[in-house]
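The first chain written gets the first letter, and so on, giving A, B, C, D, E and F; residue counts start at 1 in each chain.
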Amino acid sequence: MGKTKQELEEVNKVSMVDISGKPETFREATATGTIRLKAETVKLIKEGKIAKGDPVHTAKVAGILAAKRTSTIIPLCHPLPLTNVEVDVTFEDNKTLRVTVKVKTKAATGVEMEALTAASTSLLTIWDMVKQYEKDAEGQYPSTAIENIRVVKKIKKQLRRRIP
Amino acid sequence: MGKTKQELEEVNKVSMVDISGKPETFREATATGTIRLKAETVKLIKEGKIAKGDPVHTAKVAGILAAKRTSTIIPLCHPLPLTNVEVDVTFEDNKTLRVTVKVKTKAATGVEMEALTAASTSLLTIWDMVKQYEKDAEGQYPSTAIENIRVVKKIKKQLRRRIP
Amino acid sequence: MGKTKQELEEVNKVSMVDISGKPETFREATATGTIRLKAETVKLIKEGKIAKGDPVHTAKVAGILAAKRTSTIIPLCHPLPLTNVEVDVTFEDNKTLRVTVKVKTKAATGVEMEALTAASTSLLTIWDMVKQYEKDAEGQYPSTAIENIRVVKKIKKQLRRRIP
Amino acid sequence: MGKTKQELEEVNKVSMVDISGKPETFREATATGTIRLKAETVKLIKEGKIAKGDPVHTAKVAGILAAKRTSTIIPLCHPLPLTNVEVDVTFEDNKTLRVTVKVKTKAATGVEMEALTAASTSLLTIWDMVKQYEKDAEGQYPSTAIENIRVVKKIKKQLRRRIP
Amino acid sequence: MGKTKQELEEVNKVSMVDISGKPETFREATATGTIRLKAETVKLIKEGKIAKGDPVHTAKVAGILAAKRTSTIIPLCHPLPLTNVEVDVTFEDNKTLRVTVKVKTKAATGVEMEALTAASTSLLTIWDMVKQYEKDAEGQYPSTAIENIRVVKKIKKQLRRRIP
Amino acid sequence: MGKTKQELEEVNKVSMVDISGKPETFREATATGTIRLKAETVKLIKEGKIAKGDPVHTAKVAGILAAKRTSTIIPLCHPLPLTNVEVDVTFEDNKTLRVTVKVKTKAATGVEMEALTAASTSLLTIWDMVKQYEKDAEGQYPSTAIENIRVVKKIKKQLRRRIP
């Protein structure tokens, strides 16, 4: 037996949040996450000896580009005029790199998805750069993992009016 | 014999509308269109039995994403900060699904192309999801058709100034 | 009450067709569709007097580009190495333009969605180019419509083996 | 003092793996990851009561689309003709959803980055769909986290030659 | 020996300019560049006899589309709401075509990269359209060259406040 | 007076080269180009003192990504399965950086447009990274220029058949 019209509508609903009536404010969001690698891989990164090139720099470029494409990747995100994207990569311990991304805009909705998308993309890029050192003899990744992607902080401030 | 410089310019002209001097207003556009399928296919959709998954939900996601990419698909469209995209899919009759898309923005130009692009993409997505039921023994589509894509309504309203 | 695990899976299913085991063959698909305009607009197109430039040429370029992006627009389409995209635009009658697109590939699945996506995009591009002539005094489109987008023909041929 | 030419080259190296000489084989990769939400949010998902629509279905569509765009998101990935992408979303426990993605291709290199990119995108999409239930009174996300994104399995098999 | 933390940070820095605090102004940038072809090729273009179609028109469409995608191509560019893109192609001498692109926006940063990206893309498109006439018997391009891509002029004007 | 049907067709023609019947061969193309900067800017690059980060590394990443998107940027390019993209940046003299890009594929058509698109994008990225040092007091670029983008070499080799 088929579903009623109303059941179908419930099941099939997909709807963006309508931000037409919301004022523009200054928005900032910071997201973070880590990637766990072998100690030898982290050592190679620190020594600048990764064959494909520097994972840290490449991860930053990829993260910034991804932040700007968020609304074409995450279906219900609004296209937003990002005013800044900042990606930091630090060595958390001898097996872990941390990516932290801060995104800013003046818009009617927040930018946490942009920060999260950039952080994820930077972490994935690091993985891609060090694949050959992380794979075991069977080509598997027994220890590599991206972990604990979170939103650290969101800020929302009313825009100061400029006197022209 | 070659063309004169002026003839070449006329023939070769491609120019966006310059909206630099136009004020931002609230804009809304609604577009609609239908897809004609076999009665059996529509029955399968209603019963949730399409092998590739639910065409209605998938069509909505695809339509929303397409609306946001309009300015990279339609050459002379301006990039606009869409504030909402709403895609509805309804059963018109036992052989027809209707897609209706409403798009909103605050911008210096209208969003009818965004609504039309989303509606077309949603209809194409439905087609793609039910291909196997619509093809005949020779792999042809004797009866499937997308029909009557139109702009139902455009709205343009001056923005109310907020007192901060 | 929530759904059972199985009900959820049924409702939520979205799955590409797995073409891993299918052989590559030569594939061709032809799609077509029309756009109905005012007679005056069609006359302006024929006379090369559309302010934004030639809709026919622009529609062809947009259609070819869209064919190549199909797998990023239609969710369950496979990325395919298109070997040709051909877009034709003809004057059907004094109020109608017809777009016909032929797409070719050597792949394990057909290219009808590529042809349909290109045809739709070409038709939308024509609409965008002539918007100002089609709108009435209220900014509405009382007569403009994209109609009858169909797959005209699909061809599938085994590849001849070359003797090296 | 500036760097020597060789130091600059070392520091600045970024290079794809050259797969020109590698034969095409059948490749499959499975990646997985989880998202930790509030128990109430997971309950709402199961009951189909999320205001923006069903996160599970939307996550699948977004994941499939992302897999196909991997080589434009991760800088050193090769463009590959994916033959299948399969995204599963399951309820791990009353606070956790698990995304598992299997990607297949016939190519000269593996598809683990495609599987990982799809898994990350599906998890981000779930987050986006349930944002309003996860935020606290200050708009922060004290408990939401994407965790443990890993490659579960990679397969590489020589292609059987077809006798034409 | 590995680098110190500070050395690594210096080497790895990639950062967008933060324009969050900058006011929106009217911005315009004009970029130009030339492509040197064989005299016979330029003659064929003038006579409308290029087999792939008119390079001038196609170059304009490609340039306009590229301008709108600049922030996804050039890593540290901000996404900007372009209000106009104008591409002109002229015959500089019997062996040279000149592309000139003017881009406008209301934004907190300039649009010279958008103008330059559009100009480069238009020039590359011309090259692509005439490849067969430029190649020698060995398939090489002994004389074809894109030359002298420059920013001709940048304008920045405070926005006049409208009295509502 | 309007054009005849045939005149319109001639004027409006845009057509990809049909490569359906061509065999796959190994293809390689090398493109190069230079950017002229101030001597002080080149010194800052060498010293690693550019505020936005290292232009050389960023240019490489941007070039590789652009090569892979060529068929969505240059209208009549075929989508090709690139097997390698290599971007080199060298210091030509105290005012000039040279970008050289080598692209490889196994395909039925050449990759010179991919190499040219990558080279252009890398050069544009360098420009973007050093904008602040190249602008004069009026915000103009009196001396910056991208010059002499050429195809250095194309190679086409029949694929050796592997004995399985």
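Everything below uses one rule, namely that a residue touches a chain if its C-beta (ideal position, glycine included) is under 8 Å from a C-beta of that chain, and two chains touch if they have at least 3 such contacts.
Predicted, not measured: the structure shown is a model, and the values here were computed from it.
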Chains adjacent to chain B and to chain D under the stated definition are A, C
Can you name the chains that touch chain D as well as chain E?
A, B, C, F
Quick check for the class: compute each chain's Cα centroid; which one is farthest from the centroid of chain B?
F
So which one's got more C-beta contacts, C-E or A-E?
A-E
Counting shared numbers against all numbers at the contact of chain A and chain F, is it over half, same, or under half, different?
same
What chain is the most remote from chain C, judged by the mean position of CA atoms in each chain?
A
Once you find the CA centre of chain A and the CA centre of chain B, what distance in Å lies between them?
29
Per the C-alpha means, the centres of chain A and chain C lie apart by a whole-Å value of 33
Between chain B and chain C, tell me the centre distance in angstrom, where each centre is the average of that chain's C-alpha atoms.
12
Would you please write down the residue numbers of chain D that are in contact with two or more other chains?
11-12, 14-17, 48, 53-54, 57-58, 60-62, 65, 69, 75-76, 79-81
Interchain pairs in contact, sorted by label:
A-B, A-D, A-E, A-F, B-C, B-D, B-E, C-D, C-E, C-F, D-F, E-F
Where on chain A does chain E make contact in their complex?
26, 43, 46-48, 54, 56-57, 60-61, 64-65, 68-69, 79-87, 89, 91, 104-106, 162, 164
Listed in rising order, the residues of chain E that touch chain A in the complex are 1-3, 5, 8, 11-12, 14-20, 23, 71-72, 75-76, 78-81, 107-108, 158, 161
Interface with chain E, chain F side, in the complex: residues 10-17, 33, 48, 51-54, 57-58, 61-62, 65-66, 69, 73-77, 110, 112-113, 116-117, 120-121, 123-125, 127-129, 131, 139-141, 144-151, 153-154, 156
Help me check something: in the complex, which residues belonging to chain B touch chain D?
53-54, 57-58, 60-62, 65
